[in-house]
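The two complexes that follow have chain A in common; it is paired with chain B in the first and with chain C in the second.
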Partner chain A sequence: MVQNPTEKEKSLSQRVWWLALLILISLIAPFVISEFYLAILCEALVMSLLALSFNLLFGYMGQLSFGQAAFYGLGGYAVAMLMTKAHLNFWLSLVAGILLPAIIGLIVGYFCVRLRGIYFAILTLAFGQLIFFIVFKWHNFTGGDDGIQGIFPPDFLKSPTAYYYFILIVFLLSSYVLWRIIHSPFGQTIVSMRENSERTEFLGINIARYQLIAFVIAAAFAGLAGAIWVPFYRSVAPSYLTWLKSGEPVMAAILGGPSLFFGPILGMFIMTFFHAWVLGFTVYWPVVMGALILAVIFFLPGGILGFIQEKVNQRKEIRNRE
Partner chain B sequence: MSFDVLFNQFMSGIARAALLFLVASGLSLTFGVLRVLNFAHGSLYMLGAFISYSVWKFLLMPVLGFYIAAIVAALIMAGLGLIIEFVLLRRLYSRGWPEQLLATYAIVLMITDLVKWAWGGKFLSIQRPKPFTGAVFLFDFPFPSYNFFVIGLGLALVIFLWWLVYRTRLGDIIRAAASDREMVAALGIPIPWLFTWIFVLGSMIGGLSGAVTAPFGSVALGMDIEIIVECFAVVVIGGMGSLPGTLLGSFIVGQVYSFGIMFKPELALAFIFMVMAVVLIIRPWGIFGRPER
Partner chain C sequence: MFLQTQGITKEFGKLRAVNNVTLEIKKGDIHAIIGPNGAGKSTYFNLVTGYHRATSGKVLFRDKEITNLPAYSRCNLGITRSFQITSIYPKLTVYESVLMGLLSHRKVTLNFFSSAKKFFKEEVWRILGDVGLADQANTLGDSISHGDKKRLELAITLGTEPELLCLDEPTCGMSPEETDIAMSLIKKFSEERGLTILFTEHDMSVVFSIAKRISVLHQGTLIADGSPQDVRNSEEVQKVYLGHAA
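Right after this comes the complex of A and B.
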């Protein structure tokens, strides 16, 4: 689809206005909504960061990771253990919460990037469960089933509102960095691998190395999400690393639309708030989520944003014809 | 290390391998023909175990109860497989594999909640059925005779699947469909019909294997993901969709698990993954698998 430059500029400036509006809304949100919904909003932002890291691999590189939550959990555990056991400073713990998942991501990714498609999904799931299993079983080191409690952020971040702004800043900065990565030559290379990995290889690009770099970046951002969530929630548990958690970013990306940068964020916001609402009258959330997944697959292929974009394009085409 | 310890671990590894083969063969069969990875296979296995428990408890028959319960569980899972294939998967064959995978994942979530709602989070178990309650002596070492029942069942399934795939007309169609689906359809063979029955067969095997696990005393929530991860290791090592590969993979994983548990129980799964990593470096498509296109 060829757009003339003025139209492209127009849609870009329109997008900037939308973005500014959204940021403004999120800045005033703590003064408008209750503390309960503020906590949900924090969760939605953190999980959106996880979904963005997942979608770097899925939507842009074309590889579905079913073990992304393992890195999220590792980031959380790194912060929790360093702060409660080593009494390390909050900020240094956060750095460790990014580095540890990145290092484990480098090891796991080394094996995973050799595979494509469904095999990649299987292997990431299996490695994710292995990491979960080790955390779960290593009772005297990680606390096993009990998890770790009593992780507190520094004093000036202790109030929910202050921590909300902290999460918002981390989220916006991370989104910006991910956006820049995707629109850099590196990002365009991984997109070309999704489109046609054979041709990309013929151009002299080492696919495995590029995919490994993307895998490590995704692991680092997933870890960051876990690292900033745990001090807000004050605790961490092995359930953060399971494949059921890993299914959430997959679901969010498919719900919102994996082909668009904002798709997974929209999907995760809908899911998180829907979850909070459903829990009000039933504990059987998974069955609701299962039904939601099937509904999206059958009735909204391409996700919500994909659906909207399709409609917008159709309308544009009609207008152009006239 | 003395011979009796090694022999003991080896034999329990064989029993573990037989159980893994029972579960993984259904998964691998479905994948080989339909090219759909059924995440819900572990859930069918878990549901089969719970259903067999309830039927066994309802019957209260000391001898036949277990066997009837296992058959009932297998048949109910076959029926559920029929519904899943007919209502859901059939509409998704033309779509990408991520959607197919996610659809089976949705079934996982629903079955997990169904089990939680119907049976709760308790640990349940079935008594070992007669005549497999006692021990069998091999080289003067006692082994639970139920292990031999499971090994025998695993061998029977190996022979049945081998006969089905390599010695029947349906097997010819299965192998042809696995390598070129369009060509088989062009020859006038109703592919949708074939897919339905393969999925039903895979689901039935899944339900049966769940029922067979029940007397090991491990009917509980979470048994689905536990077995499915090991099954993924089996099919990654052996090669997806390959019957001999699944057999060899089950043997390797069963043995590594059994000896791993002897050294360090917490790391049994990690040992399996080390073997998997080595296989992936040498042959990313598995020992008996074909390179992906």
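Right after this comes the complex of A and C.
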């Protein structure tokens, strides 16, 4: 009946080992890989944070948000504008880069959480595009299609290696917080809403309220991702807010496996590194990516990590039976 | 006064599914709502639990008007329900499903940082033991038998520690043995926990074996209300069920 405790402990200690190994690799990475690939690694970490924020809604709450990049972009713009125009300090700008998307998320979410499924997806897409157009068209204020350049981190973070470690720390801390949220009573509640929202409502849960809270949390983390990316890239552009950008976490989650915490991270790492590599010999990257996504949807419907997990579980079951 | 509906009516377009029903459910009773197909039993249920809003009339719970309260608020006041088509969590384990009811009822669902699994272990195991699902605690909801799913739904609702438990066809699709087990469980909960139970049921032997009070609906109207003996002897009820007075 209950999973054998020794078996459970073993799988947990295995997981901790894997995690420790991955963290160790990421700590020594700057000494091993070229500066080009270090930049790609930074991008993969930042985009993974975006994908994790998206997956709180998609994988755990069961709602597809197609406007997540708007919050990512808002986080980036908040930092860029406050640092270049108001000459605000880097750290305070980062805080604003979390708060602004969270507040806009509260307003947008208020309307979106009344809907479910495809209608939720369409409305988040529409709001995302609306925010994009405001940023794109409001030339005097946001710089329009020119974007904003010359955003510099503090001196001690100016080297790519130093900034990489900064991104890594933010990524690890944020992942830990999201992990705790997902496994908390709140997380259990949004998973229950995904599984059966009617049943959950009839257990006394105000569905719209919990959807809104999750939406704001996701917007804040997406904003944080944008906020830490912009000082690394030294610039921000309206393309960060488009629906094309919003599609990236969607694809990453499907690729890696939305039902597992690490699925979207794996998906985003594959996409980012694959992208950098494919661009070396063809500009038709979307074709390659499209083929990859198709293959995963057809042959590995639970995503790559979902497939691996399934195989591991099957083997465990066989071993247990023996 | 525990639960009362005053002249409650529900119209769907031109169809009047529930027509001016005034009824009182007493605390601690096992109260059955019966009637032929289409009598309005489920609609009446839905009006009490907040699935539908009444077209007119009032619903009162503990003297408080709840006619227009959403379902989740009614649940927080102590009214929980099961559904005719079993409503469980297919991809959550039996344990997690029962835990959800407790998390909600004991107001910890806005805790963002503690592990959900650490909460209410004793209570979950007690409920699982009570309904006889302890040995399937780690099985997924959709992997258990139909009868067990019905019991799981009962266990989930018990997690909210309700005062009024509304069961819509609790034995629907069960084998006779499963029906007996389920009904004795319901009786046990009513006696041990002082739960008030309102249920609909099409199986008359079940109804007459357990209900302390029976209300009969016919075409949305209340035609009889009283002890099982009164209802059995009512000419109007016999006419509805048998087509003529016995």
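Before moving on, here are some points about what is shown:
Heads up, the rule we're going with is that the second predicted complex is superposed on the first by the 320 of 322 C-alpha atoms of A that agree within 3 Å, B and C clash if a C-alpha of one lies under 4 Å from a C-alpha of the other, contacts with A are read in each partner's own complex, and residues count from 1 in each chain.
What we mean here is this: a contact is a pair of C-beta atoms (placed from the backbone, for glycine too) under 8 Å apart; a residue touches a chain by one contact, two chains touch by 3 or more.
The shown structure was predicted, so the numbers you read here are calculated from the model rather than taken from an experiment.
Once chain A of one complex is fitted onto chain A of the other, the partner contacts of A:Ala219 are absent, as it touches neither chain B nor chain C.
By the touch criterion defined above, A:Met271 lies against neither chain B nor chain C after alignment on the C-alpha atoms of chain A. Once the two complexes are overlaid on the shared chain, A:Ile293 sits against chain B while remaining clear of chain C.
Ranked by how many residues of chain A each touches, chain B and chain C are led by B. In the superposed model, A:Thr189 lies in contact with chain C only, and not with chain B. After overlaying the two complexes on the shared chain, residue contacts for A:Ile205 are found with chain C alone; chain B is out of touch. Contacts of A:Leu178 after superposition: neither chain B nor chain C is touched.
On chain A, the surface touched by chain B in one complex and the surface touched by chain C in the other have no residue in common. Contacts from chain B toward chain A in the complex involve residues 37, 88, 91-92, 95, 97-99, 101-103, 105-110, 112-114, 116-117, 225, 229, 232-233, 235-236, 240, 265-267, 269-270, 273, 276-277, 280-281, 284-285, 292. The touching residues of chain A, counted against chain C in their complex, run 1-3, 180-181, 183-189, 191-192, 195-196, 198-207, 210, 213. Interface of chain A with chain B (complex): residues 58, 64, 111, 114-119, 121-123, 125-127, 129-130, 133-134, 137-138, 242-244, 247, 250-251, 254, 284, 286-287, 289-291, 293-294, 297-298, 301. By the touch rule above, chain C contacts chain A in their complex via residues 49, 70-73, 75-76, 80-81, 83, 87-92, 96, 99-101, 103-105, 108-117, 119, 135-138, 156-157, 159-160.
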